[in-house]
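Beneath this line is the structure, given in structure tokens, with notes to follow.
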Amino acid sequence: MGFLADYISTVYNSVKSLLIGMKRTGYYFTHHKEIITEEYPDNRATLKMADRFKGEVIMPHTETNEHRCTGCTACELACPNGTIKIITKFDITPEGKKKKAIDTFIYHLELCTLCNLCVDACPTGAIQMGQGFEHSVRNRADLTKVLNKPGSKVLEGVE
Amino acid sequence: MCNVAYGAYAIAKNFQIWDLNIGVLYVSAVSSFAVIGILMAGWSSNNKYSLLGAMRSGAQIVSYELSAGLSILTIVILTGSLKVSDIIQSQETGWWLFKGHIPALIAFVIYVIAITAETNRAPFDMAEAESELTAGFHTEYSGMRFAFFFLSEYINIFIACGIGATLFLGGWMPFHIGHWEAFNHIMDFIPSSVWFLGKVFFLIFVIMWFRWTFPRLRIDQLLNLEWKYLLPISLFNLLLMTVVAIMGWYF
Amino acid sequence: MDVNAKDPKSTFPGQVHSSPGGGIVVSKLDEVINWARSNSLWPLVFGTSCCAIEMMSAASAKYDFSRFGFEVTRATPRQADVIIISGTIVNKMAPVLKRLYDQMPEPKYVIAMGACATSGGPFFYNTYSVVKGADHVIPVDIYVAGCPPRPEALLHALISLQERVKEGL
Amino acid sequence: MKPLKTGNFQPMGAISLLLLICVGVAFAGGGILVSNLISRKSTNAQKGEPYECGVPTVGQSWIQFNVGYYLFALLFLIFDVELVFLYPWAVVVKELGMPALIEILVFMFILFLGFLYAHKKGALKWM
Amino acid sequence: MLKDILTTIAPTGTIDETGEILSLTIDAKDWREVAVQLRYHEGCKFDYLFCVTAVDWKTHFTMVYHFDATEGRQRLVVKAKINDRTNPEIETVCDIWRTAELHEREAYDLMGIKFLNHPDLRRLFLTDEWVGYPLRKDYDDPINMIKL
Amino acid sequence: MFEEVGRTETGDLIINIGPQHPATHGVLHLVITLNGETVKKIEPHLGYIHRSIEKMCESLTYRQYIYVTSRMDYLSSHINNHACALVVEKGLQIEVPQRAQYIRVILDELNRIASHLLWWGAIAMDVGAITPFFHAFRERELITDIMEETCGARLTMNFMVPGGTMMDIHPDFVKKTKAFLNFFKSKLPEYHELVTGNVIFKGRLEDVGVLSKEDAISYGTSGPVARASGVSCDVRKLYPYDVYSQINFEEAIETKGDCYARYKVRMKELEESIRIIEQLIDNIPEGEFQAKTKAVLKLPKGEYMTRVETARGDLGVYITSEGGTTPYRIKFRSPGFSNLSALDHMVRGSKIGDMVAIMGTLDLVIPDIDR
């Protein structure tokens, strides 16, 4: 009879464990409050990333089209995989001195790993981590960006 | 495309197009065609996953055919007819699930398990076994042919649940409770097709519920379950039902 | 590599677009088909590294990309419409990717997810085994930057892919 | 004892069933036809190959397969024949009463012995 | 003491205590005997081979084996020096520590060190057609490698 | 007749699992010899995601190379970064501030929970259940939110730098972590209801893929795989780093060595991780989060080896330095690589379904193996 008792208890315990599992999934089927789905494209207006979210590298410009980048290439050196290329030029200041400034600040978003090392390395705080994350394009070349706006200058007093 | 012919056959039953006097036998015969479709599909696609899936499902479906058949038999014993209309008529006073006592309940549970396995649904989806055999027997099929596999699977579920609803839950018979005339009356207002579809959908829901909840069995466990548990239990249950039927212990 | 299939001029059998008159019905049908296609893009389970986890996040409860009809991730390329290359492609993997892409039925789309798939990303310089961008192997429709991109970024890519499909490309 | 029901052939039923088969075939065939018409096609050498996770197949797929699967098919055959025998019995068991039960007990006992034999021989063990 | 045992096991080796872990430098020719002793000698029983590294020193190779003893909780680094740079060879230890099989295949693949009597010495990470051993210092691949 | 058929004598089927296969969790390629459903031999083929990280690191500075390692075992990227930071600190003898140590350990443990959660969803997915995957990701999203708020990224954080952490924790960090812990503790019983006690799940995992203690040591396994076989190998206990020496926690050890034991070990580790965080979260000391370091780090000539306990096991970072700004040779001893070597031994003779379960409980992350 021991065999039979074993047999029945196996069946009983198995069925019980299965029912417990079904109860749990059934609970979630009937409790819609637990649903946490974030409706992305519809909530775009209200969607806010975390403060420190690293979406892309940006270079903030003031209203007078000035940035803080002096072209010291600290970020370029700090970058582990050559995401940033800075092409410098020499501006002639009103006093007649030559001054190094950036010509183009090329940023390869397609290479960037958003590791924050360039922002850490920047002595003037010229670049920051931006919040944008919608970087899907049809052409890969669109991901290579120039961060300084055309005609922008270095902010006065940033060395 | 074997599954096409099978799909067509199987549709034939549940809408009472032809009230065969061996209806139940006919349906169970036709629905076992599924295995041929799957076996052929898997074997002919020259793919190892498909081959494995087909072989598995061959062993699986034929095995579970038995307990499904045996649980159908218990109801046949009670009604004494294979004709679908007779079976439904016999449940006018109450569904067999409730009238038939414990044996009917056991038969019902076994039937639900067996049809889950027969239709290759999780936790018995050995033929597909996505994490093992990528997509099993229909790995090599794409587009419309793949769609027909899916369609046939769901038609198959519908058929199997339809039989279940007919046999155990009284087909289109509304739900009646003893002598609550008022209650019974309200129930009668609901159209019979709604009753039938509602019951079928309930069974389909249960099968889907299984799918959410349970992990997949391994092939040897699957066959163990059938041959060591379901088959002996359903054989025993059949005898029990015979006794119940002969003694008239049902309502 | 059948790049021509993506040529807008040969999208549809019979070249109904060019026939004068009577083309309206068929081109409407074309639109309907494209709309249907765009709303049932089944991705292939193809994840090589980190981005695969974000792809899983996008599939799971919080982001749930099945809202857009990317419902069923298929394990076999025969049943998949879009391949999301989530992760680095190395030289050894490239033929495999190519084969998978070839085995997918038309129309097929490719999303290069993350920096590695777009350009080699962190492994662009000084590595001997990384393919510098999946588009060296198969034609890519949509590129997503980020390492790894957020699930929302992937959703954004999927939506832009839908638009692309609706355009009949 | 009631006489057994004899088959009353319903021509309408048979015809409608035939019709249904036609509808089924047309549905499937039409589906494939339409999908063939509107689908884009491409062929390449690798498309024709069997899919095996993206690497070339090693060896043949159609091999002599392990006997494990067939044993179950054989066992199924035994029990399915039994099932077929049971159907006519099940229809009349209520009328026949106790003798039928005893008869079927004997029948099942023999069957069960066979089942036990198969079990002891290890046919039910997966290999 | 471990140090005494090591001197008996490997009389020709040199023991260095300056690092974090005790390290023993031997010649590659002696490695097999030393390995057997390290594994089965009563005093050490280094049964856990933690890491196998090959280092290219431009003139020679060193195989670095990190050991742990799960019972005595001792640690040891063994460095086996392979002087022949053109055809580096060392005895395998994958029958003593079975984890070594994959580790040695890796070293063969990336450094080109041949393990004698290894049961299955093939490329592990790279394709079979690959030419050269990429982790060597003189490896150059102008096609695949873009220098920063 | 047999000669005619030509393949009768074995009846073996050679089947490729991977590189693109849902069960391999990435791009592992296994060549399996099958007889019927029984696995006769498994041969892993690696390298489908071999990204030459070791070669790359030879040209990266000690600040830069850390970020590559978060792509290695991306599920425990914090812990990888931690190991890399530790080895540099060891070489330069930098004293890491207490606050940084606390933050690091908390983040490590959060990362471990996230990793185990993903594993839990994946193992359930492997054996065929779907719902656990969604449950696991629901909790995991909360952790990634915390991570994102503090580190700025969800998966590959690059938050550790030699000498501490890159930034201070976000002001909401403590609050959110506590809220997560409470939520998670309330959900853990559900996990056990849904999966642990389930008879099918038990049937799939029990007595499957048994690895004896001797084999576990000989195959060099570590982490939960070794602990399930009764090997005490938790680096946090054996060679404690940062504040682990001050924390009171237990090493989860089972003795049976089968898949279910590995499952239980990981479930226990989840609870232990909660305990560790609870001990630390209220006592994060004030102070600096980063030690003062030079702008250019130069590791003195020598050899350095650090071991940390990742979610998968024992990660070793071995650096040979020639005194320059970049490592001369760097080797990552990844836990998955050694764990994988035991796969053939464990799977042989069991079914193909078991293979999936065993691979699931080994918790392989292929980029970690291939590097």
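Here the chain labels run A, B, C, D, E and F in written order, and each chain numbers its own residues starting at 1.
Operating definition for what follows: a contact is a pair of C-beta atoms (placed from the backbone, for glycine too) under 8 Å apart; a residue touches a chain by one contact, two chains touch by 3 or more.
Quantities reported herein were computed from a predicted structural model and do not represent experimental measurements.
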Minimum number of chain-to-chain touching steps separating chain D from chain E: 2
Partner chains shared by chain B and chain E (touch criterion as defined above): C, F
Chain pair, B-D or C-F, that carries the greater number of C-beta contacts: B-D
Furthest chain, CA centroid comparison against chain C: E
Inter-centroid spacing, chain F versus chain E (mean Cα positions, whole Å): 25
Cα-centroid distance, chain B relative to chain F, in whole angstrom: 44
Inter-chain centre distance, chain A versus chain E - centres from mean C-alpha coordinates, in Å: 41
Separation of mean Cα positions, chain F and chain D [Å, integer]: 46
Touching two or more other chains - residue numbers and ranges from chain B: 48-49, 51, 56, 130, 134, 139-140, 143, 212-214, 219-220
Set of chain E residues in contact with two or more other chains: 125-127, 134, 147-148
Touching two or more other chains - residue numbers and ranges from chain C: 61-62, 75-76, 78, 92, 96, 100, 105, 122-130, 147, 150
Contact pairs between chains, per stated definition: A-B, A-C, A-F, B-C, B-D, B-F, C-D, C-E, C-F, D-F, E-F
Contact set on chain F toward chain E in their complex: 46-47, 50, 52, 54-55, 59, 90, 215, 217-221, 231-233, 238, 302-305, 307, 314, 316, 318, 320, 328-329, 331, 333, 337-338, 340-341, 345, 370
In the complex with chain D, residue positions of chain C that touch it: 2, 5, 11-13, 33, 76-78, 96-100, 102-103, 105-107
Chain B-facing residues of chain C, complex: 74-76, 78-79, 105
List of chain B residues in touch with chain A within their complex: 209-210, 212-214, 229, 233
Complex interface listing, chain D residues touching chain F: 52-55, 57-61, 63-69, 126-127
